[in-house]
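The following pair of complexes shares a single chain, subunit A, combined with subunit B in the former and subunit C in the latter.
Moving on to the complex of A and B:
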């Protein structure tokens, strides 16, 4: 009976497909295919093609690969990226896993506060974090070094942000929320009854955690570590600000140099292949691990979850959470604010050093700073709107199986997830920069690239929302004489309003700070805020930069507040958000 | 003329036959149930009638006009039917009044006319006072009434119900069965009702179609279905029964522990061992040998269970090996191990396949 039951369920899904075949869905199908060709397929195809083409002539050649891997320092950069990824994942795990466990499963004080601080970390762009840490740990001038010298009377401080270790720390501090999100999501599904079962057989709190709770959450933790690794090797901003002054390269900074004058996009494309390959491979591994059956995801209904009582240890755990938060939020923001209000950040907190000139300058005097913030918001809202509409349409086609092979469309929507931002940008450059389109430097190419980059977030949210909507809601419209379009307009759209708004915010917020794809595609009139901040860091204008970075953060706050009101406190920290 | 005619309808998904060779005619105003276990094809059949799925073979006609065939299907919105879904599918973004008025709005009626009809139907289902509420503020039973009102107010040619009561608790389910039948008696809408619950089908229906593995097992009025099941599946699915093996022996049929005259037993004409059904309610249990026309068989009580509304006894004929289950009034009490007499009406023994 169970067997025929599942057949019947699949069958009823297929039912809709046949019935829908005679609508005008073929037109829709063609339109959607066209959009995905432009956004996903052609940049990817051009990326691969370009890597085999000779500059100017376009003949087939392997010389790009020979150039890209022909020097020891290019190879070193590849290995640096690997080391960086492993280091970041390990350190971020050390930050995130205890915090996630404490927040999800224990009676640690300040759990909501800790969550809030993780969110604050999550919405801090990596470049803002990197800048803050330059203020904190630059050799000699950094505040941590100065404090050390003040306390010990030593001649020099121990910290140097311009080092491999410095880079690992900075990236780990701003990517650990990924692991936190994965781990809390898994731990919140482990029922207390499973832990009770271990307790009653004689295992104490720590043993239960080690033998039962953590193994149950392990696939999710592994998934988070992998995402963190990929985030680290795909990141452009922090390495560019820290690794380049420290005189070593990683893949992304090396790619940036291939893109410098003269632009050698063919070599860059060839050089991007390992990054793309590793990402595709690891995402597959991650999917395999987290899709494994019999683990935490299956216990959704498993009864109540009581917090584990830690006794006096809860203050120790709380202390650790506050330590991590100090490194990622408190200290960085204190000194960002100080620097934004300072005539010269190195002169410290004295009253005569305080000024509002920096804000005044970036908002009203600087030729492009204010415009760059406006650009960021315009491009972000355009691409968030486009991504939500496109993915809603495709998710509808896929979940209702309106056309044959609809799954392919869904796959194309989530495919950009495995393409790092820099690689995507190179693909867009290869596809749309040359004539006849010549889109390089236009607002359109940035919007298209952002839209593609965030299609997966849109798709995951749209299809989750649609799957939660019983198809009978639409069938009820049709059986009473309404068309499919009427069902969409009167029932589906009003019911999905909230989830679509959520998806829009989840795209809009990161899109306002996107750097790694923008840095390869912007033009003189289409500079976005992230690029502006990056430029200022190269010029060493940390006071202006801090002011601009804070402005960007403050502008996000109302959206965040609105999102939390409409969608729940944790809307940014859910699995569908990443 | 028949209202709705299904001719040799079947539906395949790949190699799996969800519905096979289904033929049925519904008279105007008739209430027919499709009854069977989950996965038997009853919902698929209903969805073909609604136009959500085309048949793989066969045709469906309404008022003599073909509305479904493998080559083309009149879409659901042009069939003038209505349907009540398992989930009710009440639109949470509309009030009760807007939900019920939706179909009338689609039919381009005037605002005043819509209001009048909505109020009238809400009176019928006793929901008038909740017209302005949103569905999230209603109980399951109230949502069910809204679904009923929404489906009936458009005066459909055919009303389809897909397990409409399966999400309600037991008491409400019982109440709503009668409600559905009452509405049918009031509006006389030709109705197809899908359910896996036999008592629901029996309370509501003029005829019941019992389905199993995509095929029709039997189509009959409820009391015929119960008294004269034609297959082992029907006998077992509708109510409880005793399956007896009987062998023809001259003018008698010999069962385990007793014999019955073959003329009195329906269908007792084949050679060899055949299968018969005997309902527990059709057997009497007495302390003294009964003097009536039925067979009197002396037996021993081997087990019993008290279920409030009746006793469920297991009674083994003295000459037999297997006990027969017998239902008696809650007042007739027999101790396990004691002897008693079975009174069996041979006409209640029915040959099944």
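Moving on to the complex of A and C:
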């Protein structure tokens, strides 16, 4: 009797205290929701509103649209972007699909090595790739052209990076990992039984691949191609470095012009609409395609998966993989290193051309370069931390259905995925740069923008992880009188440590090199490394540029190593990464 | 009485420099309290700008945040800063004179006449009679070439030589929508030869970078052979052993006198003033000469191999021409060259 009494008393005390904590927990939920409104909804609303506002008065007007589409040059830029996207997706598919098939389904030698090289490609920022390819394929001085002239004795080489084709190649080389990730993920699920069936019916290896394996993975491949297309049309760095000398514009460089003098945010907002529209549309298409999950290859049966024996052909396939890797990793890095150690990159490999001056200059003499690298790392870690915490909270609300319409919150978290970086930046600029918030030139506006940009990565990871967690454990906390917050802090977070760390790194690494949203939001004291590199490229100092780009790459390596140790070697190349 | 007056006069003469020096001393003290300045600079290459900033820090212990970009980018940033009430730039050094005319008219500049304004070469004095902006760097746009790949006799001697078909795919220029040097050059060419000059140049498919200093890289790499470049950055690179040389065009090199001014509402007004004084110092002129700029102080001799502007034909557009003309030629350029 006495025992029950105590329990009853304790239980009622727990009820009281839980009710008390409920309030604070609710406050936290409201805060998380408010944060989401600030990060996602408001910039988007401002973007749309601004595009209809007159510059000074703020009156409703359509004149921004008239200005934005009022010149043949501006319209050309739109079509250039579309062509660029299609070209990049097609070429990247050509690079990625054979590689993905070889790595996922065959006995090609060096599969792990190939994966590693794809990872190396994946972590090379687009502007670093662009700088390297300027060194390789500048029409007269580029190394590939010089080599060609040396071998053939010709007057001129065939490659010209400063051209539309050049731009397509450079972007495709550094965005094909997206298709690779999607395709390998799908191919690894195809069981060998289907291929066996084709073989038994008389089809050879190639025919089986063409008619059975690849079609099964087709939805995933299409998904990858679409992501690649979107990546290409939203990219700012490579076009800025290559399209300006090549003398054409794409949407992003045109947007940069509207942000030039005088700053016409309103026109930029109006001009950003097609980019936004195309992205939203294609993401919907992509979701529709991938939602079909192929042709139900994911059955409950544990289908056996054996690598396909390629015989002597495996060396041919390996050769192709190495060719792609040469173009995206080996050659670019060789010449980046050469240039970073050269007095003048064009003078080539000779002892009297070697110097450490470039590193000395960017690290010690330049007043802002080293600081910009530090800024990048600080902002990236702040954004990664914020994004992980916010998405964990929201994923928790959504999976545990703590508030009505929780799905809306989940949707808002992944929505930034359809907003290209430059467009997002324009929205942020319109919403937060002017008073009352006056965040212009502050670190905060960059951190907020980066956080928003990478919310989808955080959310996808957090909700996948939470779904694997049985609610019983939290219920135990609640039964014992702990608040939800306590359950989250003491049970959920520790259990998900690993996934959260993974998400943190997946956000942190791209955030350290983010340029397209930073370019409109940085101030003189908040310059990040990517903007620094872009500024340096104005003067064409490829020696300094290479040095700074390499420093940035080297600083990422320990994190990558750590991530691989803690989370598995392919942690960046999994489907959840994109 | 007369003697007394004379004595007073002599005393005043003796004291005048002292009082100026005392003012500078007070300025220095106030500046040191502010501790730093932010300098938007397009007069020099990144290295030249960093050299000057470092020298100032060494002398006064005041940090200089050097923000080196092309003129139009610097101006755009400044306007954007101002529009958002975040004026971070203290000293603004552009190569587009029009910027100063517009900023002054808009009341965005701080009036300040450096104590040492009278010590610079007479040619540079009294640039803005109202004292809002003051020339702090000078250079020229000239014909430049890769001396390892082009024989001196084959090099372009006047601006119209760049239109020769033999330079097809061999010409390098900057972009007027970025570089103030290039903008002024384009404006001057339009005045001399009309816009058809650029319609012809376009047929030679020049490679257009952004900064005029990009032409140096293009020439050194052997990517391009001839260029409309800046004498300073080209000769500086040549002095490091790169195969570069300049021709002063017979139809006139473009003299670029580039001012600096203190931005109204600057967060470090005293440090900014001290920095303006510093830009007129002998030391600053020496650093400028190291980077093959034209020294402002008569005590400092020009860099070896450079021609004094009194010996060559130079053209210099007026502030009014630049103010009106550069925005026009940027649009014309984009129509002709595609972006």
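Everything below uses one rule, namely that the second predicted complex is superposed on the first by the 530 of 578 C-alpha atoms of A that agree within 3 Å, B and C clash if a C-alpha of one lies under 4 Å from a C-alpha of the other, contacts with A are read in each partner's own complex, and residues count from 1 in each chain.
The rule is short, and it goes like this: a contact is a pair of C-beta atoms (placed from the backbone, for glycine too) under 8 Å apart; a residue touches a chain by one contact, two chains touch by 3 or more.
Fair warning: this is a prediction, and the values are worked out from it, not measured in the lab.
By the document's definition of touching, of the two partners only subunit C reaches A:435; subunit B does not. Greater residue coverage of subunit A by touch, when subunit B is weighed against subunit C, goes to C. Shared-chain residue A:444: touches no atom of subunit B or subunit C. Shared-chain residue A:481: touches subunit B; no touch with subunit C. Of the two partner chains placed by superposition, A:560 touches none, neither subunit B nor subunit C. By the touch criterion defined above, A:139 lies against subunit C but remains apart from subunit B after alignment on the C-alpha atoms of chain A. When both complexes are overlaid on chain A, the residue A:334 reaches neither subunit B nor subunit C.
By the touch criterion stated above, A:378 is placed in contact with neither subunit B nor subunit C.
Within the superposed three-chain model, A:491 lies in touch with subunit B and out of touch with subunit C [touch as defined at top].
Of all the residues in subunit B, the ones that touch subunit A in their complex are 13, 16, 18, 37-39, 43-44, 47, 50-54, 73, 75-83, 85-87, 89, 91-93, 102-103, 106-107, 150-151, 154, 160, 213. Here subunit A touches subunit C in the complex through residues 73, 138-142, 162, 243-245, 247-249, 253, 257, 259-263, 343-347, 361, 365-368, 433-435, 438, 440-441, 523-525, 527, 535-542, 544, going by the rule given at the top. Every residue of subunit C that touches subunit A in the complex is listed here, in rising order: 38, 40, 45-47, 50, 53-54, 63-70, 72-73, 75-77, 79-81, 83-86, 88-89, 169, 175, 177-178, 207-211, 213-214, 216-218, 220-224, 240-242, 334-335, 337-339.
Chain contact summary for the complex, subunit A toward subunit B: residues 1, 4-5, 7-8, 10-12, 14-16, 18-19, 22, 470, 472-473, 475-483, 486, 490-491, 494-495.
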